[in-house]
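In what comes next, chain A is part of two complexes: it sits with chain B in the first one and with chain C in the second one.
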Partner chain A sequence: MWQKIRDGVNIRTGLSELIDNKLKGYRVPSDTNIFYTIGIVTMAAYIVLAITGYFLLMYYVPHSEHAFGSVQKIMTVIPFGWFVRMIHIVVANLMVALVFIHLVSIFFMGNYKKPRELTWLIGGLVLLTTLAFCLSGYLLPWNQRSYWATTIVTNIPTAFPVLGDFIANTLRGGETISEITLTRFFSLHVGFLPPVFLILVGLHMFLVWRIGLSVPPLSSSAKEEKPWTGYRPVSYSKSYPFYPNFLLKEVSMVMIFFVVTFFLITFMPMLFLPEAANMPADPLKTPPHIKPEWYFLAPYQMLKMIPNKFFGISIQLIAIVIFLFWPFIDSGEERNILKRPLILGVSLILLAAWFVLTVMGRYS
Partner chain B sequence: MKKIFFFLFIIIFAVSSFVAAGYRELFEKEFLSKPWGSEIKIESACLECHTSDAMNIELQQIPQDWKASWHYQNDVSCHDCHGGDSEDATMAMSHKRSFTGKPDHKDVPEFCGKCHIGILKTYVESGHGKSHIVTGEGPTCVTCHGSHNIQKVNIDIINSQRCSQCHSYERAKIIKQALFLTDKKIVAIENDIKVLKTKGVYPEQEEKSLFDTQAKFRTLFHTIDVSVIRDKTDFFTKKLNVIQDNLKATFGELSFRKKYSTLVMLLFACSWIIIFLITRSRKD
Partner chain C sequence: MDRRNFLSLLLSVFGTGAFVSFAYPLIRYLAPPTANIKKIRLTFNKSDIGDAKEILFQQTPTVIINRPGKGYIALSRVCTHLGCLLEYDKLQRKLVCPCHAGVFDLEGRVVSGPPPKPLLTFPLRVEGEDITIG
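What follows is the complex of A and B.
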């Protein structure tokens, strides 16, 4: 029976040939490490967010008078609504962490070097889109924390002269967070960002598939000695097929990701939902110790510490531009970061600074 | 060449940043740390005068007392009780803006009763109220609750120290005993609601129902009639039991959620083990 179905599908689609050529024929360097699977885990996280987001959309009401109530209804009345929302919240936060880890690992392995500059650039844009997703989605429950955290974050652009107020007011649709802001963020979250994200991820994956996975810098299977004067797929001295070997590794990591997700939902359900997140938004009452989400804590703390806010914003904008175009700036051949002590030292200091600023932002 | 452009870009950015130093002072000082909402309270004309050194010490103490009060926590401000215009210093104490100022002792029940309508009615019918109406000097709201540093009421407000100021504690003690179990239940429900809020549930219905029951129960305090209190306590206990049952069901739901997500987590853990074994067997 199973064989008959398989044959039937095969005759009509040529699936076996497709698997043989495109999946089994697609080679992966033999000594890939765990970090090579983070990209696909991120993709899995996005799919989970899209599915859970779709179900949340069935009951969520994007109106300031009903948003909080509708979210509470999802949490308490709709069967398994809590489950869908908790997955959405936890996976969204984990996704930010995954994109960070993915980029940091790519950086330290030097995998952004020629011919993968565009892959890095698009990856960076994926991170920015993910943060835009988080910022826009964060306001939607219309609770005290989301209202005031969004107030802080949308105030940040006002440090920028001339255009600052315009940017902030365009984001908010006025001087303060209001019904208009909610509608804008909602349409951004469910209408604009998903197709942008899909296009970026599609381009990113196309480039990964087209160029081939990079070889770890210390790997014995590295055979990319020829200069990149024209397009060619990467070849490896030692490799194995993508399907099923590497795919199994990736699925295995996806399973671990889900275990972590459900561990957090079970044992630390309030990790991303403090008490103020369970109170309806009140524009007249600022809750004490309001902070942005953890991924915005470092830039927030940095702005607090730098006396000239415009300078603080400028540094951050420069950092984003450098980060996006780093492969074009660091265009040397050497990929092994251990042989580049200056880059290694500076990047470790920056990572440590990020961590320290995040902790300071949390507890200051 | 591109490195020169890159560094030029950074220099231009940095220089323009320094040039713009001091830009938007207000923003620099306040935007990240100011409490936007409570700013409204700080701007109150009443507080501005009452915190200034021009005011005598006794009147300067009022804002501090009020800020420590239950009224403050619930956004009940000066003008809500005393009238006047808190946004306009020139009209803050104008009778055209319904400013009433400090009420005479005999008018205190009416003054507080503008909001606490149910309690006023009960108080007027009680021994306390009747004696006040007759003499104009009987116990009023401020005798037990104070005036500005008004705290959230609990059963401990009935104590020998306070009641003995005017009469013996015996009767008050019996009233306290009659109220004790119901009050304990209210405190337990309040705690349950607090716990639920930290667990991601906002029990709005139960909170409203508790508020309503509690307000009516507090009214009962003011009858100072033991037999009435004993008769009506059962009614409140039943209402509180319904709230408590609902909350218990919510806790049960939370326990189910934990078990359910644990099960899903274990399913994924098993899937991972199976895939891991398949991967290993393929390598072998």
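What follows is the complex of A and C.
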């Protein structure tokens, strides 16, 4: 019976040929490490978010008078509503962490170097889109934290002369966060950002597939890569097939990701839900010590410490532009970061500064 | 100008026209409507020196303070740094931002912290115990 179905599908689609050529025939360097699997784990996280987000949409009401109540109803009345929302919250936070880890590991392995500059650039845009997802998503429960964190973030463009106020008011749909902002962010979160994200990830995966995975810089076969003077099919001295070898490695990492997700939901359910997240939004009262999500703590703390708002925000924007276009700035051929002490030192200092600012933002 | 170049030019003109007629309404659609100017009247007890009342004026959270020796002032409560709402400290006679610790005096001037400019003030008129803002 099963064989008959397989044969039927095969005759009509040529599936076996597709698997043999495109999956088994696709080669992956045999000395890849676990960091090479983070990309697919991120994609799995996005799929989980899309599914749980769709289920949350069934009960969520995007209206300032009902949004908080509808979220409370999901958490307390709807059967397993808490479970669906908790998965959405935890996986959203883990996804940001995954994209960060993915980019940091790519950076330290020097995998952004020629011919993979565009892959890095699009990966950076995926990170920014993920942060836009988070920003637009956390206003939706319409609680004190989401309301005031969004107030802070949407005020950032006002630092810029001439167009600053226009941009801020266009983002919010008015002078302050209101009903219009909620529907605006809701439409961004469920209507605009998903296709943008999928297009970017599609381009990213296309480039990874087209160019091929890079060989780890410390691997013995890394030295055998010829200079890239023109496009050519990638070849490795030691490799194995993508399917089943590498795919199994990726699926194992996805399983570990689910273990972490369920561990956090079970044993640390309040990790991403501070007290202000359980109070309805009050537009006339800013709660003391309001803090954004952990991934915005470093820029938030930086704005706190730098007295000039324009200067503080300009530094952050310049840092984002440098980050996105880094492969075009650092265009040397040497990929092994251990042989580049200056880059290694500066990047470690920057990582440490980001960590320190995050801790300071959390506890100050 | 030959036929091919003329058609290219025509296509560019129509293309630009179509793009502008599509983009302009979209940008206008996103731009928020401005708030209607209104007046608000409220009553203060003149003997309550240092007291403050919080209201919503033109969609802006506002505080009216009876300053010792200087009379009333209507100040926006929106911090000019990143938009958090200021809290009036009656004892210290200052306005404090709970987000980044910006401090303003009762004239709306920046005393300390990161706010880049003074607070917005609204005109008010005092008639006996009645105050009209706007």
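Keep in mind that, in the parts below, the second predicted complex is superposed on the first by the 361 of 364 C-alpha atoms of A that agree within 3 Å, B and C clash if a C-alpha of one lies under 4 Å from a C-alpha of the other, contacts with A are read in each partner's own complex, and residues count from 1 in each chain.
Keep this in mind: a contact is a pair of C-beta atoms (placed from the backbone, for glycine too) under 8 Å apart; a residue touches a chain by one contact, two chains touch by 3 or more.
Computed from a predicted structure; not experimentally measured.
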item	value
Fit or clash - chain C, chain B, common chain A	clash
Touching partner for A:F83 - first (chain B), second (chain C), both, neither	first
Chain B versus chain C as contact partner of A:N155, first or second or both or neither	both
Partner chain in contact with A:P244 - chain B first, chain C second, else both or neither	first
Which of chain B and chain C A:L303 touches, first, second, both or neither	both
Contacts of A:T286 with chain B and chain C, given as first, second, both or neither	both
A:N169 touches, of chain B and chain C: first, second, both or neither?	second
Residue contacts on chain A - larger count, chain B or chain C	B
Partner chain(s) touched by A:L218 [first = chain B, second = chain C, both, neither]	neither
Contacts of A:V9 with chain B and chain C, given as first, second, both or neither	neither
First (chain B), second (chain C), both or neither touched by A:I51	neither
Superposition clash, chain C versus chain B, among 7-15, 25-33 or 79-87	79-87
Chain C-contacting residues of chain A that also contact chain B	148, 151-152, 155, 158-159, 283-286, 288, 303-304, 307-310
Contact footprint of chain A on chain C as seen in their complex	30-33, 35, 54, 56, 59-61, 78, 81-85, 87, 97-101, 113-114, 116
Residue ranges of chain B touching chain A (in the complex, touch as defined)	2-3, 6, 9-10, 13-14, 16-18, 20-24, 27-28, 31-33, 35-38, 40, 75, 197-202, 204, 250, 253, 257-258, 260-262, 264-265, 268-269, 271-272, 275-276, 278-279, 282
Interfacial residue positions of chain A with respect to chain C in the complex	148, 151-152, 154-156, 158-159, 166, 169-170, 172-176, 178, 180, 283-290, 303-304, 306-310, 312
Parts of chain A lying in touch with chain B, wherever the complex brings them together	69, 72, 75-76, 82-83, 86, 148, 151-152, 155, 158-159, 161, 244-245, 248-249, 251-252, 255-256, 258-259, 262-263, 265-266, 269-270, 273, 275, 277-280, 282-286, 288, 300, 303-304, 307-311, 314-315, 317-318, 321, 328-329
